[in-house]
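Both complexes below contain subunit A, partnered by subunit B and then by subunit C.
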Partner chain A sequence: MKKVMNYENRMLVILTAVCIIFFTIMKPDFLSVNSFSSIARQIPEIGLFTLAMMLPMLVGGIDLSVIASANLSTILMSMFMAANIEKGEESVPVMLASIVICIAVCTAVGFFNGVIVVKFKIPAMLVTLGMQMVLTGISLGITKGGTLSGYPQSFRFIGNGSILGIPAQFILFILASAVLIVIMQMTSFGTKLQMYGSNQTATGYSGINETALLIKTHMLSGAYVGIAAVIMSSRLNSASAGAAANYLMRTILIAVLGGVDPNGGKGRVSGILWAVVLFQCMATGLNILRVNSYIVIALYGVIILLAVIVRTRKNN
Partner chain B sequence: MEEKIIGLKHVNKHYGGVHALKDVDFDLNRGEIHCLIGQNGCGKSTMIKVISGVIDVDEGSEVILDGKKCRGGSARQAMNNGVRVIYQDLSLFPNLTVAENIAFDRHEDKSIKGVSWPQIFKQAEEVLDRMDIKLELESLVEELSIADRQLVAIARALATNARILIMDEPTSSLTRKEVNVLFSIIKSLQEKGMTIMFVSHKLDEIIEIAERITVMRDGKIISTFENKDVDETNLAHMISGQEISYQQQFTACGDEVILEVEGLTCGRQYKDISFSLKKGEILGIIGLLGAGRTELASSIFGMNEPESGRILLHGEEVHFRSNRDAIAKRIAYVPEDRLLQGLVLNQSIENNTIISIIGKLKNRLGLIDKKGARSITRKWIDELHIKSAVPEINASAMSGGNQQKIVISKWLSTEPEILILDQPTNGIDIAAKNTIYELIRELAKKGMSIIMISDEAAEIYYNCPRALVMHKGKIVKELNTSTITEGEFGREVLDE
Partner chain C sequence: MNNKTAKNKFFKSYEFMLLCVVIVLTIVLAAATGGKSIKPDNIIDMLTSYSAYGVIAVGCLFVIISGGIDISFMAVAAVAQYLMALYMLNMGGNFVVIYIISIGAGAGLGLINAVLVNRLKVPTLIITIATMNIIYGLMMRFTSGVRLHGFPGWFSQKTEASLLFVSVGTLAAALLTAWFILKRTKMGRRVYAVGGNIEAAKRCGVSVLSVHLFVYGFAGAAAGTGALIKCYLSQQASIEALYGDEMDVLAMVVLGGVSLSGGKGSVFGTLLGIVLVALLSNGMILVGVSSYWKDLVIGAVILISFCITGWRVLAAKKQERKEGAAE
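Moving on to the complex of A and B:
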């Protein structure tokens, strides 16, 4: 019989419980349907971005272009919809086509990131930093710094609607996470990816195709950025070059908190899921307590440092 | 009366589940040349690390330096006491000049502020004068020969006023002539009051240079002897722990030629290599570190593209763009560095076993066939007698010998026709070594063609009917081991 939960995930669950108890004592309002539904609506976006961040981190890299990629793809998606659906009308085929465009753009960005990383042997941090600037520049050029807003009602359902009382984006998130768990645990790609992240030399000697593996990893990451982008844009009912700028560092924070080794190799989808829940409880709680938002940023910094220190100590 | 400069008492050291040093007692006397001898993996390197303070020791162990008890695990303390280690890789800075390398430890001296080039050169020159050797101070270390680099490493240690010099396998990539130069320098250092600990597994060299010899085996100190009390034969027995050492057990190989290499050349790594390999043959390739043997093997395995020459499999020329092409042609390569190149240590034994065939282990849904993976892993654990192995546990939990068997399992599961083993018993205890030799013989009997690369003469002599001697990138000799004695073989190999 396998253990239901490993040590790391248990720690995250305990910390989440401590968080909930603390905030409830400080402010009993915390334990309300309202705050939990707000948590459930925010988790999917940040969670999907973090899963997208986790994949390149597992191979010892990082992706600093996730948010920029999401913004450019939603801008293109929004323009496509505006061009093909009259104001006030609905068209499900066009909507589906624009979602496909959004995810395809992000996957293509991942493809280019992967190709540059593997073909020119440049650290992913630099490649994706460059990519981030390129994409943000293009987005600003298209929008002239403005915001594109107003989606058809059917599209806005993705980020605002509910099915049987469960937020639609939450259902999407669970499905996407389940798919990623299957990919990581049950496909040869997932195993190779984790082996490669743990020891690139030995996997190379074992005959693993590094080029294909890295490009696929970045493309898969891009696809998850795309899904997150669709949800985010739908919830905000807009697209702009500067949306969700503060998400980037949070995704790295949550990934490390969730047990992703910054040197590559270690990391599980389940760890990310628990870490996202913990993070969002904390963020919501601090918000309810009206803690100064600048202090909150500093607090996040402290958390990431602590998480890295604890993880590194454990690994040694 | 000899004065102890370093003493170890009841020293134990565990690495995870491995008991690397077992209740070790050891003395180093002031001004002596003391050799530590033993096979790869017997604990010599761990001893060095303990003495130099690089690693901590277990509770209850005592390390005494200059009569004072010292806490293990303090490299700085050992250095301050004049203990200097020259590791096998020499730990030099290839991109810096000879002078900068020699004077490098000035940067550690807090009383010296800034960088003074005249002083760096002056210090380097002084040290080289003391050693009575000449080196171009401004040449980069990467441009020097291995032998000269070794001298730079010694000079660097002397520049720090070292009193105890520990040399780890200093002769492993030197020719006989270069060894002579090194030995004369060691002797002159001793005359100037230096204490020298010399670590090696080459008997003749040790008998030549050492005053006292300590034999290690499987993490234990067997005994310490005066030079006059031992000879090569009884030392060899003590090192291997076997009264009757190995016997050549050769089986005839087939006539069918599987692999031919013709005039293979790759820049400065190796030149004009030609040989052939028959079905079921165990071919030995022996040479010093840096002789080009590993580079040659990686070319055959498709990981190092040769510049010219041909590789033929079953008479057909092949061009490998990567090792995936070589694996597809049923060539397997067990690399030299098990921990870095062979295994993914923090992944399961199962993942390590199936990694090279994982693309083929698919069920109808395109997912990994977990049952298939498990049964393959179990099959190899049984067949290779990998003790206490469970498919789910990490490879890092296994001992050296069992880890090597996991690497071999990985390659056997690709069903290779040609298996190249590069230093297959490096860092493995004797019992495990023998099981690996047996395994190799079994595989050859079943028709697998094997290339065994090693720098241990005995390993090649007892396992390979035919051996190629590599030196400076060339095959200089082909020896038929069954017609000569082990001693003759050893001399033929070294005689360069």
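Moving on to the complex of A and C:
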């Protein structure tokens, strides 16, 4: 319990509470089942994307190709489903196969990112920027800028259905986060990852296989992008090259808010979980208050700067 | 002897390789389009239309040499373009005034970036993502994305000569200024020093704040100038015309062979990068490739160039180690 509730996480919880109280005073409607179920439906996607962003950030990199990778994989998944399932029919095996394809594509993208980063010693930021262009280019080329839509009912359940009143994707999100917590805290891979981030040279000298570690990190990040992509595509019931373009900045915002040090080394899954709750409460609240969407974009920028300023001050 | 090694060095440099690629690409495109791509009309068209992004790329080059990255430049350019257009619509003015306005507005916003980068110890990418969103969000809120057009006659009546002067002339001036600053002034050497090793530069007494102010201010000024060219070509000020094209500009600089972690990069390389991106985009249109594939081609070229650069650096290190062992 002590570990889950460190200083940073306590601050995030307090901020979330302040946020909820503020929005409730401004608009009592905020405190309703509706808004909280909408929050619970939004959190999984953005949360999983942020977890995928956190992993490369822990080793001092960043992944700017997450959204492009998600879009390409959902387009391929959608094409596979359309080719193998007649309209109006259901086929669970094909659906499962297409989900596997989606996650595999994203993992493969992670693999290539990792290989280029570690083999050619190029900053992850530039590699993933190039990768993002390539992936978006392929997606645009395939779809000609259009949208693929219409999934079978059983697939739409992932992003729209609920089990015992809890949204299905929320359950998936909790499971995926739990798995990541276990990986980060109980396996040697997790320990190595955090060590590498805090001091690359020392980790290299301690005999850790740097190549394997970085490639694995990017592949794991890719797998989480894949899960997020499945949920997102299912919720929207469509796939396109330009979907969720504004998520990239939000994932970076949440990661910074959740205590991930962009220079590497620091950051924990629990921090991200609290930060994503705070972010989504804020986003939903601003939406209910009908704040101009461009002001919201500017506000997100301000929040990134504030989070960075607070952290820099604390470290000094 | 000295002259010979310098010559050898040039033939082994990234810029030389890039030059070969550009020449080969030009020949291939000329053959594929039956000479259409090397007609003077097409070349002039290509130069004028890519000069705006070229100027912005020159500004970016400084930031990347200093070891950072700036992706807020298009938002900065949009602000500069809007201010300049508003001034023209309300006060008239002339070319000198609008150059001053757009350069000043760009440089001012760049200085804000510089202070933040200097004070906060986080990657510049994250800081400029934040400033980009703040600028873009406020811009859209207060302008509602309205396009401005209907400029005074001295601005809207373009002749062949004025067009070339404003676009290619400005680009040439920007390239020359950049080359002069980087190679012939103290500040230029300081920019390389900070990018190469910031700790070492500090110990040598370089004021990192002044370098940051200069670099980000210059990048902002370049963005403002690029915005002016773009406005002159399209005869309108609009946010969408610029915002979202960040990758095209970054591609030019990155292809130009900047060292990917700062400390290296040359104006000549960036010029070749600009030409390469222009050739590729223009060539694809002439050959009849659907514009949907443009991102893929440029992205793939970037990734391949990364791999080649990385591989060359590693190979050179291996060679050094071997020679060291032999001695």
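In this text, the second predicted complex is superposed on the first by the 312 of 316 C-alpha atoms of A that agree within 3 Å, B and C clash if a C-alpha of one lies under 4 Å from a C-alpha of the other, contacts with A are read in each partner's own complex, and residues count from 1 in each chain.
Here, a residue touches a chain if its C-beta (ideal position, glycine included) is under 8 Å from a C-beta of that chain, and two chains touch if they have at least 3 such contacts.
Because the structure is a prediction, the values reported are computed rather than measured.
After overlaying the two complexes on the shared chain, residue contacts for A:V92 are found with neither subunit B nor subunit C.
Once the two complexes are overlaid on the shared chain, A:Y300 sits against subunit C while remaining clear of subunit B.
In the overlay built on the shared chain, the residue A:M131 is in contact with subunit C alone; subunit B does not reach it.
When the two structures are aligned on the shared chain, A:A17 is found in touch with neither subunit B nor subunit C. Once the two complexes are overlaid on the shared chain, A:P262 sits against subunit C while remaining clear of subunit B.
In the superposed model, A:I166 lies in contact with neither subunit B nor subunit C. After superposition on the shared chain, subunit A has more residues touched by C, the comparison being subunit B against subunit C. Of the two partner chains, subunit C is the only one that A:K119 touches; subunit B does not reach it.
In the superposed model, A:V310 makes contact with neither subunit B nor subunit C.
Of the two partner chains placed by superposition, only subunit B is touched by A:N209; subunit C is not.
Looking at subunit A, you'll find no residue that touches subunit B in one structure and subunit C in the other. By the touch criterion given at the top, residues 303, 322-324, 327, 333, 335, 340-347, 351, 355-356, 358-359, 361-362, 366-368, 370, 410 of subunit B touch subunit A in their complex. Interface of subunit A with subunit C (complex): residues 62, 116, 119-123, 125-127, 129-138, 140-141, 144-145, 249, 252, 256, 262-263, 292, 294-302, 304-305, 308-309, 311-312, 315. Residue ranges on subunit A touching subunit B, taken from their complex, read 182, 186-188, 191-192, 194-195, 198-199, 201-209, 265-266. Of all residues in subunit C, those touching subunit A in their complex are 69, 116, 119-123, 125-127, 129-141, 247, 250-251, 254, 260-261, 290, 292-300, 302-303, 306-307, 309-311, 313-314.
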